[in-house]
Structures are given as C-alpha cells and as structure tokens.
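Across the two complexes that follow, chain A remains constant while its partner is chain B and subsequently chain C.
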Partner chain A sequence: MSDTARKEIPDKPSIVVCGDSFAIPPDKDLTVGPGLVFRNNSVTCTKPGVIKSNDKSVWIDRNNRRYVPVLEERVIGIIIGRVMDEYRVDIGGAHVAMMSSIAFEGATQRNKPELKPGNVVFARVIAANKDVEPELACVNKKGKANGLQVLEGGHIIQCSLGLSRKLRQHKSPLTQPLFNHFKSFELCVGMNGRVWVRSDTNKHTVAISIYLKRCEYLCVADAVMTLKQTVRALG
Partner chain B sequence: MTGRAGHNPDKRFLSKGILQMKFMSRSSHAPEEVSTASGNRDTQWIVDSGAVSQRNIIIDESYMKLEDLCEIGRITSKQFNPYIEKILAEKNRLRDSDEPSDDQEDVQEMDGVSASEMSSRYNSLVSNKKRAPGLGDDSSDEEETNQDATERRKFLKPS
Partner chain C sequence: MLGTLENSIRVRPISSELSILGNCDGSARVKQGNSSVMVGIWGPVEVKQSKEDPEKCVIETTVKGATGQGSPLDKMYEEAVRQTCEQVVITSAHPRTCIQVIVQVESEDGAILAVMKNALCLALMDAGLPMRSMFAGVSCAQQENEELMWDPTAEEEEESTAQYTFVYENSRNNVIYVHCTGESTVEQYMLALQKSRQVATEVFGFYRESFEKLLRKDVKFQMLLPPIIKGEILEEPE
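Here is the complex of A and B:
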C-alpha cells in the first residue's frame, strides 16, 4: 500500500483497480472526480476503470449501467404517479425521484401542466443526497426552461451511461453520421442512460434507435454501415 | 434588605432556601446554557477536513465539467425544432466567447460578495443609521464623526 501511494497520477490514461493510490503534490489544487476519494494527501480509486487527468482534475472513466443521481445533471424521467402536489418520477436510479407540480417555467398553483403516468420529462436534478429521495425540476436556477420540458411523442431507448456521455460530447462522432442520413430528427440525451428520439417519420425514428443501440458495441464505422443497411431495409 | 439583595447579581446575599427553589436554579443555570449554545454555534459548521480546505480540493461527482459535455443535452437537425435550435445557437455563442452561461452566472452571484465589499457596505449602513439621510456623502460623515471624537476627548480644566 505504501509503495502504491508513492506513485503519481499518470499523464496518460491507464487502467486502475480499486485500492490503487496516487500521491498529489502538496500545493496543487485539484478537482477529484467520480471513482476517486481524497485521503491522506493522495487519491484512492474506489472503482475500477481508466484513470484520466488534466492540469486541474482527475477522474475514473468507466461505463456504468445504474444511474446514481448527481446534482445539476439533466436526466430523462418517466412519471409513475402523483402524491399531493408532487410527481413521482422514475429516473432509472435506486430511488424514485420527486418533482413538484409547479416546477415548470411559468407554472403557478392555478396554471400548471397536468402530467399522467407514462409522460416523459427532461428535468434537472436539484437535490441529490444519499439519505433523501432525489428531486427534479424542469427549470434552471433563473426559472427558465432552457430545454427542460415535457417530451411528447418520440421513442425512448435505454443505453449505458458511458454511451450517453459519448452522445453528449460537443460534435460527437456518433451523432455526426445522423446529420448525413436524416433530414429532420431530434435527440434528447439524459445523463441517466436514456435517449429520446423523434423524427419526421416513424421509420427514421426506428432506424436512429437501432443505430444508437448498436453504437454500444460497435465502432463508429461499423455502426454507420448497419445504419445504411437499416435505412435501405426500411425503405 | 432582602429587596436589595434580590437586585444584586451576587447570589451570596440570598438565602440558601431561595437559591434551591426551582425557578432560581433555572436562572443560575441559564448563563451556562447560553455559553454552550454559542460554543456549538461556532463549531458545528467546521468540518474535520483541514487538509482538504488548505489544498483547495474540490469533490465533483459529475462528468459534465470533467469531460466538457454539452450542458443542454438536446440535438436537433435543420430547424426540426426551432426552439432547441435557438437555445443551442445561444449556447454555442456563449461557449465561443467564453461568457458564463445562466447557471454559471448564478453560481458567481451566490459567492460574489467579497469581505471588503461587505465591510464597506456595512460601514455606510452604520453611518446612515447614526445620521439622518441626505446630509452629504459617507466620506464627509466620517470626517465629522472623527472631529466629534477629538472634541469629546478634549479635557477642560475646571476654573
């Protein structure tokens, strides 16, 4: 343990396992990301994966399937019920999230959207604590929707959290082929591994859904090839 | 005589019987309770993580900032959803110009008041309370108060 604690954080991404420890220079400011804990002037891995770092931060990059709510993340939730003035929302985590019925832009006690079980919302996590249920809202801190809303129509697919992160990258290589093959479509990617797809025709929606599911296991080139085949087969 | 002893804060003047009564024992314990409460008030917010505060270690469980992911999480093509297209265009503009977004602005506002700004503001409030409003600016008020203090200190020998 003492030998491993003397190691410094590698510059290049490298595989680590639980218990691996890396020393930090004494006067360095650092952001410790998921999969790591800071203890005794070093960071210790709590999850296996690939350790990545830059000048200001260090984190473990790994693929998960179960979502753990984190503050300020945007997730896709499905309404499963209502308790008084709050909706119970399934966000794919260990606990059901709660969302106030007036947590929408411009909503008041008299004028608020009436949601039913099965409705889909794109919401922000405003409270995430291990001791209480997570809480959602469809507004940002200034009370604006800013893309958070009830999602109507479309189709939801479930993917891993790693794939949802890849889809949310700026100019992601996974989403670029979609712009070449489809004239009009819309994606909404939640950090909880749910992707909402909508397009002008149902065939295109199905094709995009199949493509995104295959991106989980295939490289981009192979996934694009299957996308072409799917589009051809659907006509 | 007992009345005088009642006004005196020193409890030695009260009889033992009175001091043992319930309401008297309560009052004798009251100052101790206040002191312990104030002690708790100071210590309850201190987290036992001195090393973390010294080194400025930030714990962030989200990948959003670490991997520089898209905050909006929406993608649309060729004006299929103009509302989202507009939001994305605005976001890209802010990103290119390195301006803070709405959420980041909020965070800056929350911890935006520095200690020096707070103290200067508080000083102006105190001076306004002492004087009636609309009698000049803060600097002139301070000078006048200083003059008053020197005048007060002056000792006049009795004739």
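Here is the complex of A and C:
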C-alpha cells in the first residue's frame, strides 16, 4: 500500500482527486457516500471533488453536469410521450423515466390529470437502480402532493447539478438576495439541474433567470451586484 | 511546475484548461509546448440498442487530427484512447449507457499520444465519471547516441531511433499502456520505463493543482453557509 493510504480523513472540507485513499479505523462505523469506494479498511476516491465528513458518513461533493437518478430526490421532468397508462418523462439522465398516469394526489382511473408532451412536472424519484429505468411519482409515501405538482407557465433554465444543490440548501446565500429585489416569485429547483421560475411579470422572470445563470460562474457577492444592475436595466 | 525532476530529464511546460466546452459534460485542453489537444466527454448517455451492454457502459471514441482529414493513425489513437478509458473508468457503475469521447488534436508538435492521454484524464475527471485512479502519459525518444529525451518535439522525434509512450496510473503506480516504435534493447526500454515514472508523478501533481484551482470556489461557498441550528430545519412532513 502506498503512503497515501495511511492518511486519515481530513476534518475540514478539502480537495481530493481520483486514486487518493484515506484510512478508516476498523472500529469506526461510517457510511461511505458518493464518489468513494471502500476497500481494505480504507476509502478510495473515484472522482475529484471536495471531501466532506461528519460522525456518521463521508462523501465527495462534486459539481457534475449529467444527472444520475437517486432514490427520493426531487426532479423537474418534461413529458415526452405516453405509453398505455404511463408517461415517458425526460429528467436529463441517461434513460427516460416512467411515471404512472395516476401517480397524483387524489387521482383515480377515471379522474386524472391529462398531460401532453411538453408539460413540466415536479416529481419524486421512487425507483432508481442502475439496471432498470427510473420511475417517478407526484405524490409522497402517504399519497399527498406535498409540493409535487404539474408546473404551469414559467420558465425553465438548465444549470449544473452543483448549483441546483446550492440553491436547495437551507437559507442558501444564493436565494436570499432574491427576496430583497422581488415582491413575489416562485422558484422550483430540481436535483437534476433544472430550475423553474415564475413571477408576476416576464421582466422579473428574465431577471431571476439571468441571475441564476450567472451564479454558476460568479461568486455570491458579484452575482448579487449584477442582479442589481439587471433589475435596473429591465426597469 | 515540474521542478523536482532529475537534471537529465527535461520536459516542456504543461498547461491545462478545464470545463471549456459548454455543451459537454466534461472537457479539457492540455498544451505541452506546441502540442495541444482538446477532449470533450458526454456521458453517461443513452446508447443505441444494438450496442447496448447489460453489464457495463460502452465507450465510443473519435479522434480528429489537426489537419481535419481522417487517417489510419487516427484509428490507432482511437483504439488507444478506448483501451485506457476501459481500464480506468469503472464501467460497471453505469450499465446500458454510453460514454462518448471526442479527441480533437489542435496542433501537433511531438509527444501527441501522451498529450492526448493527459487531456483525456483531465476531461474524464472533469465529467465526474467514476474512475479507479488517474493516469498520465509520458513520451520519450531515444537518440542515436542512446541518450533518452523526454517530451520530444516533432523534429526530435524524427531524428530519434526509437520512441516510447508510457501511461502510468497513480493508485498502485503501475503501467497501464505502452506504445513503442523503432529499435531498442530491453535494457534501454527498462531504463526509459523506470525514469519516465518520475515525469508521471510530476504530472499527477499538476492534475491536483488544476483541480484545486477549479474547486476553490466550492470550498469558499461552504464558508458562506449559515451554521445549522438544531431543530431549525423543518423536516418535510410525510
């Protein structure tokens, strides 16, 4: 084993690359998360990123562009067709997801929403396995909608998965500035890198979309500054 | 960069750019001297049913030369790129999918296969595909007086009697790909194999530096997050 295998997992978030390995004490009970492989009492990184850990788990945070479905994640999907009683939904992954046409709150075989190609849904991934197609539903485990719905109107922008994770953070520094500039708007962030925006006027929707797209490359302070400029320019 | 090598080993300066193509899932450009290669990667994406493999993902490679005209050499490079990808990428992680790799040679001035492999490694890592380890390509040419010359230019390659390209991986320091042309003895080959490892170690350090620059922003963002106060986050009522 090389020298790197004897290193311990760093306490602070730090940058790692593929092939780095960290020793895990044999008596420690850890959950090994995405981007890591457990082998010979040590974990080896399989992708470059920022390694993070807490008492219970260790994982690598990495901004990807291609979505790989994960169970229980909330995603924004676009209906692309219908096969019998199931909708085919594009969620940006390698495979098209399937969604039952009665997977909505209160829907029955007789009374169910009719969706057409191009409709947008905010749904939950209820089956995600690398060997089968992913499956979606617009209800939680108890059969309630709980925010999952068909999204009408608005505008969708595509961003990286890392940005959508940042936006979904509790009290994210990226979404807080929007409350200062806009009275009312709706924002729906899917884990698959799609963000749906709707507001009172098209101008506001455009301003928010531009701001979110800039967040991808600018630091928070710069992005907020450009938000002010955009709002002023659009009036 | 590349400062801790033996005095006898000289390599050209290496530079990289990451995530340069907007439509790709991962992309990188690597320049070594006047040789420059750009790699774009899409994946995992849907695959044609005829090519689908239920056990692992399929890797499709395309190599385009600097002149734009296809040549048999490009086909050889395509095979070389595909072989390295299949050894390093954990293909069982995404079965029934496809990874498309496009290698564009921008300018060619020696050691092109090594530059290609370096750009490929950075692009694969940029795409965030699961990999067993990193890999680095090292080219070296043997001159008529039996001296070895690392990272040769096109002119130096032409004057040499033999050329080697080795690809090393960083988890166990093994060689995963070798390409040789010309005449040489076993001793000379072994010497080149041993000494090139030093260059590979330097290239791995360079990869790490490149990613540290790319990911610094994400580490900074972590500092901006408000501290989580217990009980503040409302669990989604199920």
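Basically, the second predicted complex is superposed on the first by the 233 of 235 C-alpha atoms of A that agree within 3 Å, B and C clash if a C-alpha of one lies under 4 Å from a C-alpha of the other, contacts with A are read in each partner's own complex, and residues count from 1 in each chain.
Keep in mind that, in the parts below, a residue touches a chain if its C-beta (ideal position, glycine included) is under 8 Å from a C-beta of that chain, and two chains touch if they have at least 3 such contacts.
Quick caveat, the model's predicted, so the values are computed rather than measured.
Judged by the touch definition given at the top, the superposed model places A:134 against neither chain B nor chain C.
Judged by the touch definition given at the top, the superposed model places A:170 against both chain B and chain C. Look at A:29: by the touch rule set out above, it reaches chain B but stays clear of chain C.
In the superposition on chain A, A:183 contacts chain B only, with no contact to chain C.
Judged by the touch definition given at the top, the superposed model places A:142 against both chain B and chain C. Residue contacts after overlaying the shared chain place A:77 against neither chain B nor chain C.
Legend: residue contacts after superposition of the two complexes on their common chain; A:95 is shown touching chain C, with no touch to chain B. In the superposition on chain A, contact is made by A:64 with chain C only, not with chain B. By the touch criterion defined above, A:193 lies against neither chain B nor chain C after alignment on the C-alpha atoms of chain A.
In the superposition on the C-alpha atoms of chain A, the part of chain A touched by chain B in one complex and by chain C in the other spans residues 61, 68, 140-142, 146, 169-170.
Residues of chain A touching chain C in their complex: 2, 13-15, 17-19, 21, 35, 44, 46-50, 61-66, 68, 94-96, 130-131, 140-142, 146, 162, 166, 169-173, 219-220. Interface residues of chain A, counted against chain B in their complex, comprise 24, 26-34, 38, 41, 57, 59, 61, 68, 70-74, 122, 140-142, 144, 146-147, 165, 167-170, 175, 178-179, 182-191, 199-200. On the chain B side of its complex with chain A, the touching residues are 51-52, 55-81, 84, 87, 102-103, 106. For chain C in complex with chain A, the residues that touch the partner chain are 24-26, 42-46, 54, 90, 93-98, 125, 127-134, 169-173, 204, 207-208, 211-212, 215-222, 224-226, 228, 232-233, 236-238.
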